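Both of the next two complexes hold chain A, though its partner changes from chain B to chain C.
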Partner chain A sequence: MAKKNNIPEVDIIVDEKAGVIREVEPDKKLRSKKGHERRVNGAIYAILILMSIIWLCPFVFLVLQSFRGESGGQVAYVIPKQWTLDNYAFLFQGVGFSLQTLVKDLPNIILTVITNVLGIWGMVAFLRRKPKNPIEKTKGNLKAAALVFGVLLLINFMRCVDSTNCDFVRWFMNTLTIALFCAVIQTVMVLSVSYTLSRMRFKGRKLIMNVVLVLGMFPGFLTMIVLYYLLKMFGLTQAGAVPGLILISCASSGMGYYISKGFFDTIPKSLDESARIDGATRFQVFLKIIMPMAKPIVIYTILMAFMGPWGDYVFASYVAFGHKASYNVAVGLYRWVNTNDYQGYFTRFCAGGVLVAIPITVLFMALQKYYVEGVTGGAVKG
Partner chain B sequence: MASVTLEGVKKIYDNKVVAVQEFNLEIKDKEFVVFVGPSGCGKSTTLRMIAGLEDISEGTLKIGDRVVNDVEPKDRDIAMVFQNYALYPHISVYENMAFSLRIRKMDNEEIHRRVCQAAEILGITQYLARKPKALSGGQRQRVAIGRAIVREPAVFLMDEPLSNLDAKLRNQMRAEIILLRKRIDTTFIYVTHDQTEAMTLGDRIVIMKDGFIQQVGTPQEVFDTPRNLFVAGFIGSPQMNFLKAKLVRTGDKYAVELLGTSVALEDAKCKKLLEKNVQTKEVIMGVRPEHTVVRFDGSDNAIESTISVNEMMGSELHLHVNTIAGDRVILRLPTIDLTDEQRAQLSYGNKLYFSFASKVVHLFDPETEESLLF
Partner chain C sequence: MNDLDFLRLSKPQKLLHKLKTAILGIPGKLLGSLKGLVMWFVNLFKGIGHFLADLVMTYVRGDWKTKISYTVMGFGSMARGQWLRGVMFFVFQTLFNMYLFMPILKISESREPLCGLNVVTLLANLGTVETAKKGRVTVYGDNSFLILLYGVLTLFLIVAFLYTWYVNVKQNKISEQILKSGKKLKTAKDDMASMLDSQFHKTLLAIPTAGVTMFTILPIIFMILVAFTNYDNQHQPPQKLFTWVGFENFQTLLSAESNDLGVDITDKGNGTVTLTITAKDGDIITVDTTDVAAAQAADALAVDSSAEFSFETIGTNAETGKDNYRLTFTGDAGEPVTLEATSWLYVSTPSFSHTFKQVLLWTLIWAFFATFLNYFLGMLVAIMINKKGIKFKKMWRTILVMTIAIPQFISLLYVSKMFAADGLINGMLMNWGWITEPLPFWTNANWARVTIIGINVWIGIPYLMLIATGILMNIPADLYESARIDGANAFQTYMKITLPYMLFVTGPYLLTSFTGNINNFNVIFLLSGGKPLGMDLAGNAGNTDLLITWLYKMTVTDSNYKLAAVMGILVFVVCAVINLVVYNFIPSVKNEEDFQ
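Moving on to the complex of A and B:
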């Protein structure tokens, strides 16, 4: 033992460039390695920080402009000289809020009763969820209950807002309505189509998949004119633009099956088979076995379905053309700076832009984890 | 509890591959039948057809007295254990086992009773609250079996349930399946590629190859009287030795001539050959390693050979030897009576002699590969 301790603890390092062998104490070697790592990391972080600053520039500019007090269109400076919230106040001018809408007439009363009963029942069910079996511990699902409560609140709130005299709120509500409907309908469609294509074997399955893939390569704008006339036949343009836009977004949504199909493909088929032998129907397999396992991809699909119509300009602009009440936010705000007094409306336009960005940012931050999981999970097998 | 009858069952896949054909089998109530064969022989396909996971291209399938060709899997009253367990990863072991009962809207008390009972039988009571992820391979397999037995199904299907386990665990689970079978007395259909599993578990074994049934019989039957060369080679470990030999007929008597030795066949075998009116011809002779007699010195009717490999198995030795004709033969030699001198002699390159009794000889037609004695 004593002898062993006498051996100096040195590591031999081959310095490739110099072509010599150096003896370095392990401590020192470790330190130099760490130093190297730190330098590399430092460089990477520097580049990343620089890039994010570049990326953030337009947004910071937008936010700052939205607080600018002095009038005028674009100005040669970024930081406002006068700070004000007037631009935001302008957006909400004339907005009304009346709880009476909830009980205005019979259809409204019925709707109110249905949404509230469903919402409260759902909340209570989640909070007081009994354990399915004596082995598991009781636990209420607070998150799910909060979600139900949030949705209930949102629906009631949206119904109470009176935006007849307030353009911006009206547009915002239009956009929200379209996006919410799309999020629900499109998610259901995309998930069912991709599950079907992943699991069932039927004639023409490969053909459908290929044709859809090729069709998806054409830009959607090619169909613009045809779609407009079709919608017009149904009376879904101008005044009916909101349902029309929901229809457009949802109609071809099954075509976006690719990523979620890839995700479903990674779930072993024997799970389905096992569940079917256990007595489940195809639908029960989908709902009770596959859906709980596919949480990331479900959330990813919802997010994508929500974001599409949220930022849509092209379709919204021509379907609602000329009918101010059916604009969505993007179209409406653009109209402000385009047709109205540009000088006066630019800062208001910026304020509107900030407000539009908020919900989507919050949504993204909350669901970021699943979003990444969904994209990469689906990418394992294409 | 039900019988399963397959009549002329055939499976053609979409890509025109014929997986199974001319499958005729009647499985009696409470019988344990094992489908065995090399991979790609159609055994799993047949099982999946019985389960309803694959369509039946031709023929009829009956469970009990009911034709179930077009019946959904859930209505066939069967349970199945998969090779990769197929446990639902997002719910607890308890809920995994309770899943099929919940789908059937059984009341909670009955579910609890059945799940606890099954867990008790399989010794997984302490894991009921866990997720499948937190279990070892053997425990997962138990859960998979538990999920099947809570149903109390009429037919119990198992698709290579032990092939994902390591050797030791596999032996243990094999014994447990035998015990389980005694406790839940029902019809079992078990698929495996491992002939040891087939021999130890099955009341009857169905040996398959290339989509055809080769032979159906009890383990003893298929071991003693293999119908053809394939079955003879597949069943038994180490594998049966095959040697080119000549069958000589003199009057009503037959003898096998091989490498200068001649073994007269006993009356029972002669009678069978006479029935088929077999003449003097070239045959393939099969003899199992355990039926050979090793001799250290050359004597009458002993075949000379050279040792090439000596495998020590503990209680016995497996000797791979080459005859002068170049045939490779495996001999089995119990180690218990060996003297040190004899042990020394059993090394590479040394001469060794062996013989065999006529009783254990199998004869096959070299062209049809069918047994001449079946």
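Moving on to the complex of A and C:
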């Protein structure tokens, strides 16, 4: 892009008589061309504005509907006649903050206070990237530690929220738990597989890649029933659906190595080799040389792993079948809106949707840059 | 024809020539692959021969430690001081033997627990003990599902054991060689260190491989096996057994239109007979008629393979309000027979093979549009946003990217409701007086299909816009500059520079996206759920069902696991064929594999 902008604003004229090409400042004769340009741009703006409206409308409607006071299902107008927060209140009905749990975990409370500060600072610092020097590196380690503490804090907080009587909060917590675990475990799995396949040459490497390619062509839901029975063997269905879902979505996650392998492929191999000559083990190369350089792809992997469970309906509903307490948000809200008497739950679905969408959207927008990098790289390299 | 001759040809001639060489090349390729296959088998047997010879020679030439290791795994390693490896081998062998010979697997209420070896023998017919009633108590028989599951698991373990046993033998051979050459063996400490260094790939891949084997490979093999059984809602464990049926399920789904017309007559009494006609496309049609003579004549006609059958509506019955039908049978065996009656009962049961064809066709149409429409529109949007002189580039992108950020189950469910008969769109259009009846977005088959493709554009453009933006920025600017100097207009630059470049670079993406769309469950399931249901479709399939959503319905709603398994295999075949064809014809896809 930068290259393009450097080209000076001149018009090029082919002087046929002299047989040369001349660059001249734009003059009046060429005004009409500029006018044409302006018309084209105008048309593009019109299209873009129209598109923006189409793209944003459903979300605006969703938010507006969530504040609607009139009962009933869908209505033929956009702006509610009666504004209310009842729909949101319904979502949190029956939720309490269990003081007992809090007191029982007194040592944890102290930790919570510290981690609260550390965690928020860590997250903020993590998102604002700065150039690196030795001091920054120590800070970076601190930040990483703070991030871990922040996650601990979140889990700690979740334990204190008593959601026994409140479906929505419970579903939200279930999904958050799954998402957090997936974000950690899947990332480790994906990175180790993609790093191995990208940097190391060993017997069976090609075989592994081909087997994964072939396995990937089988539709995922084919094996649903077997997975259900496998989980049942370990007691991880219905009431134990949350750990069950974590297990299932993490176990085979190594198969999605393509994008991060493509990224590792772009890191020059000479880096590894020079470190190896200096006496570093492969493990040290992986941890100290490659990982710091792979930050964009690490964040991309974490982001994808974290966002996945929020939309997981099919398998989640199959594993948690009939056990309301272990639904995730997708299953719960889908049930609300696809029952026969969905009219009563429509505005509540909207409110729930808004509450789920906000944190995910904010997170996604904050880390958008990494997502774009991952998607673009993945598309180019296949 | 050499290259120069080829370049002299005009475009259509070139195409013709390419086609000709491609077709003429087929026998050669086939022969080549046949040769390759034969060589592969020859090499395989050679390899097995070498392998066995090696095993025997290691035993004969080995010392006593090696010889004992053939029966007690890890003995050699322990005896030579490599206790860590030795203990691991030994523990594995002990655990495996325990699994194989200790009765721990409970597969039936009426049987004692079985050991792993016994379960493998039961695989032959997947259980024999039926569910029985003892007084008032129901005692469940063998659970075929568990037998199959444990059986496959045991086979996996046996393969793993054989491999480990082989590694154990090889270890001994290598150790002997090292000791003979006067070097020292690796100690346990060295082994631990090598886990993080020379053997680091094994450390990294251990858990992912175990996970994939247990939760992907094992289930897929299980389901492939289920495709050859009669496991469905009539044969559900633990109440009922299921067993092997060979290729029957494949026939159900794939049977070509049969040559014969089947006609069956059953007497209903009081002068009415029920005619059951199995049409050539597999549909089953049931008709009640009072014209017994004609029905019998039709039955007689249907014996030879040239017999044909057609039916048409002839007005409505004034009394019942139902349609009247005229059936016409023709054949070599006699004069054509026509059946007409005042009162008909007409029931059509569509065949699975017919439905499969319909669903597959729609799946391919859908995948085509979902891939290419999104691709070109997304590219167009990216070009518009990236055009020089357009401001707020970041804002436009951010607005579009919202659809990616918000979980699909929220956005798609809401949009699906928006288009419903009582939804916002229909409501507003009716309020404004533009329409009087709600538009049948989800109730008319073709409306639903178009709506789904349209909404998918809404979902898909942002992805493609992001991808295209990244690639467009990489196209060298001087290409455009020189095109401009040569007097090319915007359309020409697009056709000659942008499009070829994009197509080359995104070739692999298009391929994965196409197969991804064949398996695009979310969009169809959340938007229409496969509806509207079709009268001419079997197995609950709807008009917008993809193979994958139909598979889901078969599993969850119908418990028709056998056909679901067959369908899964067929989806795999479709994807594999598309992949193979594209890999062989698109250069960028092929070369991209080894771009390192």
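Assume the second predicted complex is superposed on the first by the 276 of 382 C-alpha atoms of A that agree within 3 Å, B and C clash if a C-alpha of one lies under 4 Å from a C-alpha of the other, contacts with A are read in each partner's own complex, and residues count from 1 in each chain.
We take it that contacts are C-beta pairs under 8 Å (C-beta built on N, C-alpha and C of every residue); 3 or more make two chains touch, one makes a residue touch a chain.
As the structure is a prediction and not an experimental result, all values here were calculated from the model.
*Asks:* Considering only the touch criterion stated at the top, classify A:T281 as touching first (chain B), second (chain C), both, or neither.
*Replies:* both
*Asks:* So, A:E70: does it touch chain B (first), chain C (second), both, or neither?
*Replies:* Touch status of A:E70: no partner.
*Asks:* With the two structures laid over each other on chain A, which partner does A:W55 touch: chain B (first), chain C (second), both, or neither?
*Replies:* In the superposed model, A:W55 contacts chain C only, not chain B.
*Asks:* Tell me the contact category for A:L271 with respect to chain B and chain C: first, second, both or neither.
*Replies:* Touch status of A:L271: first partner only.
*Asks:* Applying the document's definition of touch, where does A:I289 land relative to chain B and chain C: first, second, both, or neither?
*Replies:* First partner only, chain B.
*Asks:* Compare chain B and chain C by how many residues of chain A each one touches, and report the one with more.
*Replies:* C
*Asks:* Indicate the residue numbers of chain A shared between its chain B interface and its chain C interface, in ascending order.
*Replies:* On chain A, the overlap between the chain B and chain C contacts is residues 281.
*Asks:* Which bits of chain A are touching chain C when the two form their complex?
*Replies:* These residues of chain A touch chain C: 1, 3-4, 7, 12, 14, 21, 37, 41, 44-45, 47-48, 51-52, 54-56, 58-59, 61-62, 73-78, 189, 192-193, 195-196, 200, 202, 208, 212, 214-215, 217-227, 229-230, 247-248, 250-255, 265, 281-283, 286, 307, 310-311, 313-314, 318, 330, 333-334, 337, 346, 349-350, 353, 356-357, 360-361, 364-365, 368, 371-372, 375-376, 378-382.
*Asks:* For a test of understanding, state which residues of chain A touch chain B in their complex under the given definition.
*Replies:* Against chain B, the touching part of chain A is residues 132-136, 201, 268, 270-271, 273-281, 284, 288-289, 292-293.
*Asks:* For chain C, which residues count as touching chain A in their complex?
*Replies:* Within the complex, chain C contacts chain A at residues 145-146, 149, 193, 196-198, 200-201, 203-205, 207-209, 211-212, 214-220, 222-223, 381, 384-390, 396, 398-411, 413-415, 417-418, 420, 422-424, 426-428, 430-431, 458, 462-463, 466-467, 469-471, 473, 476-477, 481, 484-485, 487, 505-509, 511-512, 515, 519, 521-522, 525-526, 547-548, 551-552, 555-556, 561, 564-565, 568, 571-572, 575-576, 579, 589, 592-593, 595-596.
*Asks:* Provide the residue numbers of chain B that touch chain A in the complex, in ascending order.
*Replies:* Spelled out, the residues of chain B in touch with chain A are 14, 51-53, 72-74, 78-80, 82-84, 86, 88-92, 94-95, 98-100, 102-104, 108, 111-112, 115, 128-129, 147, 151.
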